[in-house]
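Following this line, the structures themselves.
Shared between the two complexes below is subunit A, which pairs with subunit B and subunit C, respectively.
Our next item is the complex of A and B:
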């Protein structure tokens, strides 16, 4: 950077996001029969340190939308403040109108692109999902304003690891159960492969909490038979014996009900992992020169 | 400190894509593939790079998607104002000049967009305008822009730079040629593929066709 002899420019430079600090990883979203399903974990990484473990990166926006964010957490929180203001000011018209997912997505597109034009980007990839008037909507924006809609979307690593699975297995009008199952499959692959897989120290990844959100009408009853959803707080899951140590999994509760009127975020819960794969037992076997 | 893990950011990205337009005596064919990419990744396989700006002008653009979208919105807004002021649709040559001016206006922070504008002129003849990112433009009989242009342009040169105007193809032949050049470009250009969207403008109006391309 410029050595800055008291220049205004250098002062402004220091107020730009030149690189991200606390970041969230992939967000995955799909359309399903009644609306949109989205998944992300709750980690906030400080470089490669897992600094925060319960960051909510899926947030309801207004009545009809759901926003998922990866990238800089503080920038996401600023975006949430923008959206709060937008929705409050829109609400003050008191005309019975409300902003739908399309409008919110459009707004975010403009904000992200406008900030890149000012060379002061918001360091996020956002996923916006929603339902309004029976219309499903799923879109995304990147930090420089690239945006599009699709039936399934994943940010960051998710675009490499989850979307091939989604392209293979996603279909129109999936049930809630099928949708959650598909997302869990994606998130499991991301859990296994996001972050350099041979780093033995980082295999301690039992702190990946999952946060599910859902838009659309879903029957509460159907969720009860999902065993890991209906138990209480924490449960100990002893993993395969060949693993060096048993791992703790957090098994938590609830994905609550939502209609077109509302949005439901599940309680955080952990996916059941299996670390007994031979590739994990000796990950560097056959990789000469490695430790 | 969580230092430079990420590369310093760039305000531009190349989202790839190929645009082709061919002008005939009484028609114009404008086409672009529907793949949107970044680096070695595909973002979506179904993104339209075509935008109808007026009754008889269609813009095909490749390059940086966010810039392209901003450009399209700007041109559409300008056209709306034009309609209010003149109570008519802008002609394709007028739109061509507007596009040039719009691109040059951002000469020092350009729209990273490679455009081909096609349609019918005031005489009802097919017209194609081809651009660079900062607004230089030219009226031509055919053009290709974007990531597959290096593969397509010589083929169009060979097939269309005809010694006689009598050899200018008929509409259906032009559409077939477009399908072929896109299928060929998709063989070698990783940024071209999935599907090609073809619009045909003629006296009857606008018709749209799709053809499947390689998805790998």
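Our next item is the complex of A and C:
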């Protein structure tokens, strides 16, 4: 048999995800004083093309949980359908019992692991946060069913770029403001670094809207004006004022928070960026062989 | 020729609107030795009377642990009770596998009732001949349910099923209002008193009763015989002072016949 043709044919016929198509990048989540904070951007990349700019990747699940997803967007949508059904069924009992974040996390783990055992994985890394009965919960599940809980969690590139920052700077019982500031710091680093150097053309500032989801104390305007990092490097920072409709802009940041009171998701907003670092003047310097 | 034309099939109605086979199944519950249950805000206690078939045999087990947070007491056909217990156990363990948390008691009871109901509506099946008192704890508190062969289920503060259970019911009805705030120890005492009512003067010993408890910080477990015997002895001493034992015996009314489906 012609092995080359056979392989091609079998790939074309495949009914399962062999590789992701439209993907979302990192999600970062932390515990703070009143609950959980989570952040992600709103991009949907088609390969390395930033194809979609207003994909919401932080979603409330029932009353007590918040789900953030990176990876294949359509698989995330499938997961959301499962969870919708689950939550509706749970509510229909109307008996005073409800699924908390721990239960949802375990359920997701079972779903992910079950699918990988069928060699048909859901191509996502998920972050599940929530509060129930005063108990904070933050966990993650990967596409092959690796799962754990921690005080702070990041998916994808965030594991390499955000978690070292979180390990240094996260502490128990941070205030909301401290928590948001820490997440924004992580998102900013991801924004600067979560692309290989060859994609330097993507440094157009309007590509870098980040969306935080949050319904809460800090409104969009105050956050826009905030000086994100106090370092002198940011003196020349200019905001991208062209983004009058942040939801349709790429790179918008969403922050979501979940507390005992409920889930709130921010309007998308942009982080202040500064592109005058010398490292950005000639990014390929010292990287022999890159273009 | 036939005593009753309408009782050869579970699914056949009598002209009076009754399903005789289902009623016979509920009769089987009344024939079984008594089981009682009662609950406070935090605890549920189950107790059963153990009857052996002969002097030479041991008695059959009437209380089953389903999970750490649920247990059942049965009256009627023990074999059917064991089948249903196995079903309940598997439902609990499957839920725990998926959600890593205990299955809410009320939901388990609904599933059990649905299972029992199917047997009353299929010509090739028979109803289960067993009544179950389901005791359990979940995030909405302590619960006691009674599941009937007819597919009906009810939630109770306190209930008794099985032979001569009316005496225990009378006792429980007189005292149930205080149960809500009872301590665990008081619940167990009331359980023993209620069991005693069903014995019709026969002496209560730890060898003819089983007691089980589930509650906050206390996984479901059957109490050991020695503890029960000590409790019974401590109760007997107290009981000799006030003599209201006879009173309860008189109060036992001949069983008024309720519409069978009501129970």
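The rule is short, and it goes like this: the second predicted complex is superposed on the first by the 219 of 291 C-alpha atoms of A that agree within 3 Å, B and C clash if a C-alpha of one lies under 4 Å from a C-alpha of the other, contacts with A are read in each partner's own complex, and residues count from 1 in each chain.
Following the convention adopted for this analysis, a residue touches a chain if its C-beta (ideal position, glycine included) is under 8 Å from a C-beta of that chain, and two chains touch if they have at least 3 such contacts.
This one's a predicted model, so the numbers in the text were calculated from it and none came from an experiment.
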{"item": "Joint occupancy of subunit A by subunit B and subunit C, clash or fit", "value": "fit"}
{"item": "Cα-centre angle that subunit B and subunit C span when viewed from subunit A, reported as a multiple of 10 degrees", "value": "60"}
{"item": "Touching partner for A:120 - first (subunit B), second (subunit C), both, neither", "value": "neither"}
{"item": "Which of subunit B and subunit C A:56 touches, first, second, both or neither", "value": "neither"}
{"item": "Subunit B versus subunit C as contact partner of A:102, first or second or both or neither", "value": "second"}
{"item": "Touched partner set for A:46, first subunit B, second subunit C, both or neither", "value": "first"}
{"item": "Partner touching more residues of subunit A, whether subunit B or subunit C", "value": "B"}
{"item": "Touched partner set for A:178, first subunit B, second subunit C, both or neither", "value": "neither"}
{"item": "Touching partner for A:21 - first (subunit B), second (subunit C), both, neither", "value": "first"}
{"item": "Subunit B versus subunit C as contact partner of A:150, first or second or both or neither", "value": "first"}
{"item": "Gap in Å between nearest CA atoms once subunit C and subunit B share a frame through chain A", "value": "7"}
{"item": "Contact set on subunit A toward subunit B in their complex", "value": "18-22, 45-49, 109, 113, 116-117, 119, 121, 123, 142-150, 159-160"}
{"item": "Interfacial residue positions of subunit B with respect to subunit A in the complex", "value": "1-6, 8-13, 15, 36, 38, 41, 43-44, 46-47, 64-66, 69-70, 109"}
{"item": "Subunit C residues touching subunit A - in the complex, by the definition given at the top", "value": "97-101, 104, 106-107, 138-140"}
{"item": "Sites on subunit A touched by subunit C in the complex", "value": "93, 95-100, 102-103, 106-107, 110, 133"}
